[in-house]
Structures are given as structure tokens and as C-alpha cells.
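One chain, subunit A, appears in both complexes that follow, with subunit B as partner in the first and subunit C in the second.
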Partner chain A sequence: MSEILVNKLTGTSTAGVILVTGEGNSTTTNLQQGLAKQWVYFDMASTTAVDSLNTSSLTDSGTGKFVVNINNDFNNTSYTVNYTGNGYASDTFPANVTCVAKISYETTTTTGLYDTISYGSALVDSKYNYCTAHGDLA
Partner chain B sequence: MALGKIKADTLEHSTAGSVDTQYVVNGSAKAWMYYKQNTPAITDSLNTSSATDTATGNYLQNYTNAFDASYDGRAMGGSSFATDKVLSHGSTGSTTSAQQFNVYDVSSSGLDDSFSSPITHGDLA
Partner chain C sequence: MSTLKADTIQSTGGGAATLTKQRAAKAWANFNGSGTLAVRDSFNVTSISDDGTGLYSVDFSNAMSDGNYAAPGCATYFGNDSATGLVYAMRTSSNVYTEHGTAGFALRISDNNADSALDSGSVELTVMGDLA
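Entry: the complex of A and B
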């Protein structure tokens, strides 16, 4: 098995483009574009992340509302986000166990704004919060 | 400068640890887009040639490079902007070259949202 010891990967033709051959052994995909640029897992009972990538801090901005502060900025606000949440600490399934997120228009290159809302439309501080973002770094 | 090619099974950082390159190949998202259904317009994307409006709340994300299997061989997620809206994947119309996504409100009515962001992982053809 070969192994490369390296701290930084940079494309030769274009620094921000490294092609990776896909599973079908022919089609290539852009490595940088496919990587998640930010993710965080946390409990809204606190603003401390359980684990994260490229997340400087979390801000509690009200019941069911939080701001993800991004460490290295995005290049624009056209980055995609994926949120999955669960409002309870058990495996039972009350009507409002699953949280959906409203992603704010006010999301910036340095902050992602989320409102977590139960099935019953009430804002809730979700226990399990998983946020992932893909897009272009500055 | 000629384009180089490196074949390796592991990448190792001096302090941050190492990763088997299978996680680079298999773990990278193969398609995503920032899509304004109500315009409609794609603002930014990866591996996306276009989007097709198939019904209110429903759209097809058409891929530039196809996946090796249809929707049952891929993992998808995403979020929508509007309150109480859910983004789900649809089987109707989905192929290796396109994926149907549906946006619903809590009464199961379709809605053309102002922001929809599907992300898909899986194997390219």
C-alpha cells in the first residue's frame, strides 16, 4: 500500500482543482468541490460543539434559533446546507420529535443562520443538531 | 506544466492524522446545488447540468456525470428555506443521470421554495 505524507494538496494546472477518479474508474470529480467545508454536531442546550469542522463558535439567538459561526469564510452565500435534527433524547416518536430547519436568507459568508422548528410549527431547542455545508471557500 | 497523477492509498498530515484515500473517493459529495425553485435558477452547483421543473414543489436535478445506480444506490440530504418545509427525494423520474426532489409543507402540499439545497453522495459511473 502506498502512502503520501503531506500537509497540503494543491492542483498543478489550477491550484483549487484536483480531480479524483470516481468509483467507475473513468469519470473524474472535483475533490475540492466535493468536500464538506463545514459541519457541526451540537446540543442546543449549550453553545459548545460536540464535534465540528471549520466552525469557530455557535451563538444562541433565541429558542430554536442558532447561528453557526464559520472559521474560514465561504466565497459567496450560494453554498448549500443540510440540517437534520431531533428534539428529544429518547427513541420514542412523539409528533414533534423531528425538527426541520429554516435556513435564513441572512446567511452570510461567515455565518449560517438556522431556525429549528418542530412538526407542530413551534420553535424548539433541538437536542441533536447536525449541520453540513458544501460550497466554495474564499 | 503537465497535469500530474498520483496513485496512493493513504494521505497523512504531519499533525492532523491520516486518511485512507477510499474515503476521499467515496466520501466526497458527487453533486450539490443551490437552487431557487421559484425563479427558477441554479446559483451554484457541482456536477449539475440543469434543473427541470416537473411540478409545483418538484424538480429534477440533472447530472453532468452520471451515477452508477439510480436513487436506491445513493445517499441524499438537503434543506429548504421556508418554515416547515421538508425536502425529500422522489423515485419518479429518477435515473442514473437525474434525481427527483420534492418540497412539501406540513399539509403535504408541494411548494416552489426560494432556496433548496440537495446534496448527493454515491458512486459515479
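Entry: the complex of A and C
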């Protein structure tokens, strides 16, 4: 196997566009568009992330509600967030678990944060919260 | 810092190069499914169809190699932070796709309490797996 050791990849035509060949060898995919730009694993009992990427801080905005603050902002508010939680403060799941992100999307105009909500029969500080965000960085 | 400038990266055999410890998403989308469907932003998604209340179909620009990909997502009431929420789930639709087709997939948004299908003002999804 040949191997290139390098610290930074840059497109020659457009700096932020590098194509990589897909697994089936028939198509290419935009590497930058596919990379998660931010992710975080956190417990709503604490405002300190267990682990994260491009996450500056977490803000507790009420029972079952957290704000994820992004370090390097997105360039618009149309980025995609996937959020999963267990809707319970311990190692189990209640009925009617719902975890949603960007709950104030309509009124959130900043590109540097998004809201999460954890609901398991009632709003609850969920133990396991996982968020990933894809989109365009500023 | 060393910098490699290239537009396309392939393996020496012309196939997919191995990106050490990296796996990129192959598609993602953020769309408004309430009223007239509007895609806010997307990657490798050629279209999203409104199949009825709470029912949507996502078409890929470049197909996946099989139906074994992961497509997590979530949905919200638009601008509403009420305690109840919406559930994002795959669905099988014989006249659109079987669940997890290579060309796309179908999904259903429902209320978490009543399990009634509802349109969402913000559906966000990501697709991880192998391209064709």
C-alpha cells in the first residue's frame, strides 16, 4: 500500500473541495461535505462535555433543555443536527422518549449554537446525549 | 505544516482511498416539511418528496451500494419547544421505496404521544454507509 503523510489537504481548483472516490469505485463524493463539523456527547447532569469536537461550551437552559455552543460557527442556519438521547437521568428508557435539536429553529438566527430537548414522559435531564452536525463552516 | 493540493483522491488502483480513522457522511439534508416542502440545504440529495402528512421520501444523487446504510435523523415542531416532540422513523412504502433502498429511503414523522403522522417544519437527517 502506498501512503502519503501530510498534515493538510487542499483542493487545487477550489481550496475547500476535495473529491474522494466512493466505495463502489464508480462515483466520487465531496470529502468536506461528508465530514461532521461538530459533535458532542454530554450528560445533562453537567455542563461539561464527556467528549466533543468543535464545541465551545454547553449551557443548561432548564430541565431537559440544553444549548450547544459551537466553537467555529457554521455559515448559515441550514446545517443538519442529529440528536439522540435516552430521555432519562440514568441507564434506562422511559416511554415516549423524544429528543429533538434546534427546537427554536424558527427564531434562532445565530450559526453558533443550537438547542436540544429531552423528553421521556416529561422533560428530563437525560444521561446519554449524542449530537452530530453536518453542513458548511463559515 | 505540509500541504497536499489535489482535487480528487483515489487509491493507487483507482478506487477508494483509505482515510485513516475517518468516515465521511455520504448524504445529509435539512428540510421544511410543513406546507410546501422546501429543502434548506443538502448534500448528495437530488430531491425530497412530500408523500402525505408526515410522510417523505429522500432521493440520492449518487446511489448507495446496498440498503445497509444508517440514516439517523430528528424532527421538530417548527419554532416550538413544547415538551411533546416528533419521532423520526423509517417507513416501508410499496409505491415509493422499500425501506432503505439504494436510490433513497422513505421516512415518517409522528407525534411521540399519539403516534399520529405530522408534518415537521424542520427534519434533519444524515446518511452513513457505502456509495455504489
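One rule holds in what follows: the second predicted complex is superposed on the first by the 108 of 138 C-alpha atoms of A that agree within 3 Å, B and C clash if a C-alpha of one lies under 4 Å from a C-alpha of the other, contacts with A are read in each partner's own complex, and residues count from 1 in each chain.
Just so it is clear, contacts are C-beta pairs under 8 Å (C-beta built on N, C-alpha and C of every residue); 3 or more make two chains touch, one makes a residue touch a chain.
Predicted model only: the values in this text are computed from it and were never measured.
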Inset, instruction - State whether subunit B and subunit C clash or fit side by side on subunit A once the two structures are superposed. - result: clash
Inset, instruction - Look at A:10 in the shared chain and tell me whether it touches subunit B only, subunit C only, both, or neither; answer first, second, both or neither. - result: second
Legend entry - Partner chain(s) touched by A:48 [first = subunit B, second = subunit C, both, neither]: neither
Inset, instruction - Go through the superposed model and pick first if A:2 touches only subunit B, second if only subunit C, both, or neither. - result: both
Legend entry - subunit A: partner with more touched residues, subunit B or subunit C: C
Inset, instruction - For A:23, decide between first (touching subunit B), second (touching subunit C), both and neither. - result: both
Inset, instruction - Quick one: classify A:80 as touching subunit B (first), subunit C (second), both or neither. - result: both
Inset, instruction - Check whether A:71 is in contact with subunit B, with subunit C, with both or with neither, and answer first, second, both or neither. - result: neither
Inset, instruction - Would you mind listing the overlap between the subunit B footprint and the subunit C footprint on subunit A? - result: 1-2, 4-7, 9, 12-13, 20-24, 26-27, 29-31, 33-36, 76, 78-84, 100-105, 115, 117, 119, 132, 134-136
Inset, instruction - State the interface residues of subunit A toward subunit C in the complex, per the touch definition above. - result: 1-2, 4-13, 17-31, 33-36, 64-65, 76, 78-84, 96-107, 115, 117, 119, 122-123, 132, 134-136
Legend entry - Residues of subunit B touching subunit A in the complex: 1-4, 6-14, 18, 24-26, 28-30, 32-34, 43-44, 46-47, 65-66, 68, 77-86, 106, 114-115, 117-119, 123-125
Inset, instruction - Show which residues of subunit C lie in contact with subunit A when the two form their complex. - result: 1-12, 14-19, 22, 24-26, 28-30, 40-41, 43-44, 62, 65, 72-81, 83-87, 112-113, 121-122, 124-126, 130-132
Inset, instruction - Note which residues of subunit A are touching subunit B in the complex, please. - result: 1-7, 9, 12-13, 20-24, 26-27, 29-31, 33-36, 76, 78-84, 100-105, 115, 117, 119, 121, 132, 134-136
